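Each of the two complexes below includes chain A, the first together with chain B, the second together with chain C.
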Partner chain A sequence: MAIALVDGIVVEFDEREKLNGIQLARRAGIEIPHYCWHPGLSVVASCRMCLVEVGKHEPTTGDIFFFPRLMPACNIPASDGIVLVTQSAKVQQARAMVQEDLLLRHPVDCPICDKAGECYLQDYYFKYGHKQRRTPWHPFTSRRKDIGEKITLFVDRCIMCSRCVRFTREISGSGELMIVDRGNEQVIDIFPGFPLNNKLSGNVVDLCPVGALGDKEFLYKQRVWYLRSHGSICIECATGCALWVDENQDRIWRIRPRENPFVNKWWICNDGRYAYPYIHSPQRLTTAARRSPDGWRPLNAKTLLQELSAFLQEKERWVAVLSPFLTVEEAYLLARVIRQADPRAPLVLGYVPRTGRDETFPGGFTIAAEKCPNRRGVEEVIGYFARDVRPIDELPQVIHRHGAEALWITGGCRHGWEPIPWLEEIRELKLPVVLQDIFPSPLSESSEFIIPGATFAEKPGSYVNRHHRLQMVRAAIRPPKGVLPEGKLLWQLEGREGPYDPAAVLQELAEDIVYFRAALGPIPETGVDLRVNLLANSATDASNGPAAESMTIDS
Partner chain B sequence: MTDFEPVLLANKTKDRSWTLTVYESGGGYQTLRQVLRHKSPQDVTKAVEASGLRGRGGAGYPTALKWSFLPMDHPGPFYMCANADESEPGTFCNRVQLECDPHQVLEGIILSCYATRIRRAYIFLRYEYHLAYQRLEDAIKEAYAAGYLGSNIAGSDFSLDIFVHRGAGAYICGEETGLLASIEGKRPYPRSKPPFPTSRGLFGKPTVINNVETLACVVHILQRGEEWFRSIGTPPPPEDPKELGSFGPKIFSLSGHVNRPGVYELPLGIPCRDLIERHGGGVWKGRRAKAVVVGGISTGILSCHELDTPLDFVGPVRAGCLGLGTGGVIVLDETFPIVELMYNGCRFFAHESCGQCTPCREGVPYAFQIVEAIRGGRGRLVDLDTLLEISQNIGITPGTTICGLADGAAWIVKTCVNKFREELEDYIRRTNPTGYKRRLPLGTIMLPPGVPAGIKTRFPKTLPPQGTSALSRSSQETGGN
Partner chain C sequence: MSHAGTKKIRWVNETPLSPIERTYIPLVLQGLTTTVRHLVSKKITLQFPEERYEPADPIIYRGVHRLNRDAQGRVKCVACFLCATACPARCIDIVAGESPWPDREKYPVHFTIDMLRCIFCGMCEEACPVNAIELTSLYDLCGKSREEMVFDKNKLLLIYDWTKDDEPPLMQIFEQEAIREEPPEETQSWAAPEHPPFDHVAEKAAEMYRRDSAG
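And then the complex of A and B:
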């Protein structure tokens, strides 16, 4: 272990971690202010906010030799015996001057700026800036420029950290953004006719340390200090990016990426970022109902539970469709409920939407072609209960072979059931269907029970992404009135006491199912790699591909 | 000092001195032939090292030491960049060299590449030097035809290709890493060092960057021997053995208010007064000098009391300037208002800032705006302190920016304010008789004391009683997200 000294605090670190000065100071609990540095982007060391005094400890003599220059902490490799001084008068003077410089031509239009409240320029000015402005000129120009479908640029708020430019060059690989002109006239811009419309473009808004890049979907909608952030998982594809869901009084206003080095690093795609409005769509199913001779009969939570229990008792042969949009816990509970009613009931994997191919960007970010969050987890649950995992296309055959009397279908895809080739066959069979879904569809029109389901933001649970990483989330908002989250309903149907507790279910299924064994115990924010367990199982095998591969980090 | 016979500019007065025939008739390329035949690359490096040659581009870094940083175990290729992007106001040494004697520069480049085993060299030429470009291109063609360039130079197994790259008129391209970025076809943003160009330079390969004048000196070191070179200039003072000394001839470009402006090749260490009086023919119109810009505007100025400063690598530093710089000496006579010099200097550097680092991008225009206000009769006495503080933070404190461009503005501002403070104060009082005492800008919102934490400013004396401002929330409440 190497040792460094940051403001007199001893930090132990491993030199192979390749830390820089900012990360090193963070280990000591000291925040070095910075604008241009971002862990996911290359280092330019141009904002000069992270200047520190750097010294070197001589192990032979015990002296500390200080370099005469101030150095940007973002560009100092942490090495053994390095000494950082982050609070000296020289450093404070330099920081205060950078702050003054940045505000010279900044419009300071915080009252109408979306970033206010989470703006680094604000924070750092209060912490490190001069007490007052001493220049006699007060510029106020706030030129706005559209640079893409989703992104708008407030030219004068920019502090030229060039994070967005580096992002488009290094991560999205599309390079739309550039810096034009030079000196204090330089601005961020696009080449005419080539707008910033790539699939990762939303990230530049999160990257921007000030309010220069605005998200048109979020612009002027909410002040950020009213928003509460909840950790969640994106369900738009099988990558399973970690998210922050920002809500205010059960209304989602913004989705931001949450750092998860094993899944999405710092980024998410626009598909996941801008998908949330469907959660608040007025078309959503919000009333549980049962078919009766004179139309739909609405049910409340209590009557629904009674009638469903009775219906489960009544029918003897069941087939269940477990949607890949269910959480692992819900799939497990549903399988148990169905197996209680019919111990030999086949379980079918639900509709797995796919579009195109996996899309990988130069920075390593991948948008999966499989547009559901939990196929792997549901497959493993099915595999535990039933012998083989049948795709939904084989549903009619499964029904025939089993002689099913009733069907339990779960949905949850916001795009509905396109296409449903087996729908007509089921209609002809006149099988009663219990349907849990979030939007009305041809299927819901012909079913016996309609149970409105909850979206990912409204229910707790865990998802397994395509790289076998299980991530657990809590509910960000309450579901709309009348919606019964799947897990809660199944928990009660199975006859369990108390409120729905997905953590308890996860522990239970982790004990039951070998695949989930690694999920025993508390789940960290970044999730657990379930292959750790597979590795232990296959340790007796030769040192072949899958075992070695499982140790690599997903990206 | 005895008369010095020029070597770098020896061909200047000859007719058609830029052609190969004239250069060869004066003994040109003989050194190259001798060296390629009889000397190993190590010998050349040793000779340059023994001569004590220091870079002529401004920083005065020992040339042989720079060469020695090239990694030995690197598979290559290595590159050489000859810096002829001379854009410093008041400097035109390289221009005369390239226009009058391009072959000498080429020979220097070939010898240096031979010493460092480099196979490919770029000459980065300032765009505005059209004549130099033509003559350099012609010279390269001639040299290729005569077998001094290309493969197997002069019958040896050494090969070299030279390319001329013209800049696009930006001062920052003269900074060595900015120059590399420009050759690579990118914005000339200087790069953060380390890694130094000698380990990762042009196209990510080890690169040596030297000024063309430095490279031309190599020819004469090898031709006349390092002893000859060390006999010129100022040796290091005996009391300070760490000092490297300033050896060899240097081309000074003299301009401004002198009778005979021009280019003079003189030994390093010549007193500034000698240069102006003996060579430049004295200050024009019988006036006295007020200030002298030492070596290009970025190095700062000497006042009239410091004219005996020797022009070598340490003399200007002792007189409170940045250094020798490029040797562009500008003389200002006693009638010239010093605020005009500051105005011009700041305007130049504000315009030429590449815009990468905050202190330079915003700080230099900030200084310029203040100087402009002073010049326009809106100055305040407190502005001079602000100027000193800005200059401290854009260049005097080392390391506040990636490259040295902001230093230029910082040093001109600092030396002007320090050395001519009385004149500037007089100027401010005279041009702004009603407002020169004002300390704070009008319309400033004053914050109650002790609120947003920060460094001590100079303003707490004039703060209003507590509670008068609406902005009285503590920094903990307002900061942090």
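And then the complex of A and C:
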């Protein structure tokens, strides 16, 4: 263990962690202001906001030797005996001078800037800037340039931290952005004809410390202080990136990445970022209904529950389709409800959308080809109940073999169902279908019950990503009127008391199913790795090595 | 009880009324004089609406709002939502959008104030960074329905057109005062810069350079 002294606070750290001065100070609970340093990017030490006094403790003499000049904390490796002074008059003066310099040529058009409220330049100015501006104040409108399909650049607001440039070079690997001109005239730009259109481009908006890079989808829609952020995860692919869902009065305005070192680091892709408008689509199913001789008969929550439980008892042979868009808890509850009605009911894995192949970017970020959040989790739940996971293509055979009288199908994919080869067969068999889905489809038109489902932002629960990491999310917004979140309905169908509590269900299934054992107890924000158990299991059964491994390999 | 506070309490007995006082006639007379004095003195009640109250200083009176126009007659508001944020009654509703004009970025597509919820505190006026929203001296607003009392952008601009001659925008007054005091070197507005923004910095640098090389 190495020891450092930050403003008189002793910090213990491991030199192998490769911390820099900013991270070291954070350990002591001290925030060193910084612009150009970002934990996910290389260090350039160009903004000079993080200047601190750096000294070295000489163990032989016990003296502390200080460097004569201030040093950028972002570029100082934390080594044993290092001493940082972050609050001295010298440091404060340096910070105020950096702030003053940045604001010399800044438009100060905060009233119309979308970043206002979460802007580092604003915050640092109030914290570290001069109390009084010494140069004349001359606000103006920033020049603006379209640099991509989703991104617009407010040229004059830029403080030249070069985070965005480094991002496109190091993380997305596409290198569209560059700095042109020198000194005062320096601006961020693209090469003519090569716009910033890569699949990770949205991230530059989040990492820009000021409002220079704007998101066209969000531009001028809301002020950030109206938004409330809710931790969630992305369901657009099997990677399961951690998200912030920013919402104002049950309307989502923006999706941002949430840091999770085990999944997505600091980034998300544009597919996940811009997918949310479907949640507010007027096309969504919002009334529960049952087929009757003269069309659809709408049901309210209470009548639906009564009729459904009657229907569950009425039919003896069931087949359930568990969608990979369900949360683990919902899949478990559904399996239990169906197994209660028919103890030998086959469980089929729902539609798993896939497009192309996995896309990995030079920075290591991967967009999975499998476009659903929870195939693994649902498969494991099915595996526990049925020992045999059947894909949805085999649904007709499963129905025939079991002699099913009724079907329970769950959907939840925002693209609806791909052409459904088995739809005709179900129609011919005149099998009554209980359907939980979010959008109308040919399937919903021919089913017996339609139950409007909730999207990921509207229901709590947990998902298992393709690397066996279970992440738990809370609901960010309330579902539209009439929508019955799957878990809530199943909870009531099972006759449980009180409000739907996914955490309790998760504890229950973690006790039941070995695969989920690691999810026992509280789940941290970054999720838990369920492989901990897989490894333990395969270790106890050494001969079973290859089989256990095959479970961890992505198909 | 030895509580320190108890010592401060002094018991007073009601003075008994004298026989004359017990008839209540002196007190009745005393009360009547007040009534009679008001009967004959100068009236202070206004016979509204035949007579109207004129605010002493219409500029600082807090009546119905207006949305000011800029020099080109466009709505001056830049849709920053600061008024809506400051409003304690939450009665301002703005939908912002990209402005259709090349020299401006953002403008309010819709701007409504619910006058029935407004408490006329004037916080919006104080919050506005471009002095686009102001409270006028119009105070007798009425409507036949609740919807009618939700004033939209056009109505608020119309109020500006009505009142701008009698009550010039505060900014204009400030600017005129500034002209009297010193040449208007800096105007604070988010309209497009008519002069290149960094001129003064460059000029200053050039001047310093000249001075340095001369000395």
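As a working rule, the second predicted complex is superposed on the first by the 536 of 555 C-alpha atoms of A that agree within 3 Å, B and C clash if a C-alpha of one lies under 4 Å from a C-alpha of the other, contacts with A are read in each partner's own complex, and residues count from 1 in each chain.
Just so we're on the same page, a residue touches a chain if its C-beta (ideal position, glycine included) is under 8 Å from a C-beta of that chain, and two chains touch if they have at least 3 such contacts.
Because the structure is a prediction, the values reported are computed rather than measured.
Touch test for A:G183: chain B only (first), chain C only (second), both, or neither?
First partner only, chain B.
If we overlay the two complexes on their shared chain A, which of chain B and chain C does A:Q122 touch? Say first, second, both or neither.
Touch partner of A:Q122: chain B, not chain C.
Output check: A:Q92 vs chain B and chain C. Expected answer is one of first, second, both, neither. What do you get?
first
Kindly classify A:L104 by the partners it touches after superposition: chain B alone (first), chain C alone (second), both, or neither?
A:L104 sits against chain B and chain C alike.
After the superposition on A, what does A:V43 contact: first (chain B), second (chain C), both or neither?
first
Would you check which partner chain A:L219 touches, where first means chain B only, second means chain C only, and both and neither mean what they say?
The answer is second: A:L219 touches chain C but not chain B.
With both complexes superposed on chain A, which partner does A:N75 reach: first (chain B), second (chain C), both or neither?
After superposition on chain A, A:N75 lies in contact with chain B alone.
State whether A:Q132 touches chain B only (first), chain C only (second), both chains, or neither.
first
Just checking: does A:A503 make contact with chain B only, chain C only, both, or neither of them? Give me first, second, both or neither.
A:A503 sits against neither chain B nor chain C.
Is the number of chain A residues in contact higher for chain B or for chain C?
B
For chain A, give the residues common to its interface with chain B and its interface with chain C.
The overlap between the chain B and chain C interfaces on chain A comprises residues 104-105, 135-138, 184.
Across the complex, what residues on chain C touch chain A?
Chain C residues touching chain A: 78-82, 85, 96-98, 103-106, 129-130, 185-186, 188-193, 197-198, 200-201.
What residues on chain A touch chain C, complex-wise?
104-105, 107, 109, 111-112, 135-142, 144, 156, 184, 219-221, 223, 225-226
Quick one: which bits of chain A touch chain B in the complex? Just the residue numbers, please.
Its residues touching chain B are 43-49, 51, 68-72, 75, 89-90, 92-94, 96-98, 100-102, 104-105, 117-119, 122-123, 125-138, 159-160, 179, 181-186, 224.
Going by the contact rule set out above, which residues of chain B touch chain A in the complex?
So the residues of chain B touching chain A come out as 170, 172, 187, 189, 192, 350-359, 361-366, 369, 373, 386, 389-390, 392-394, 397-402, 440-447, 451-455, 457, 459, 475, 478-481.
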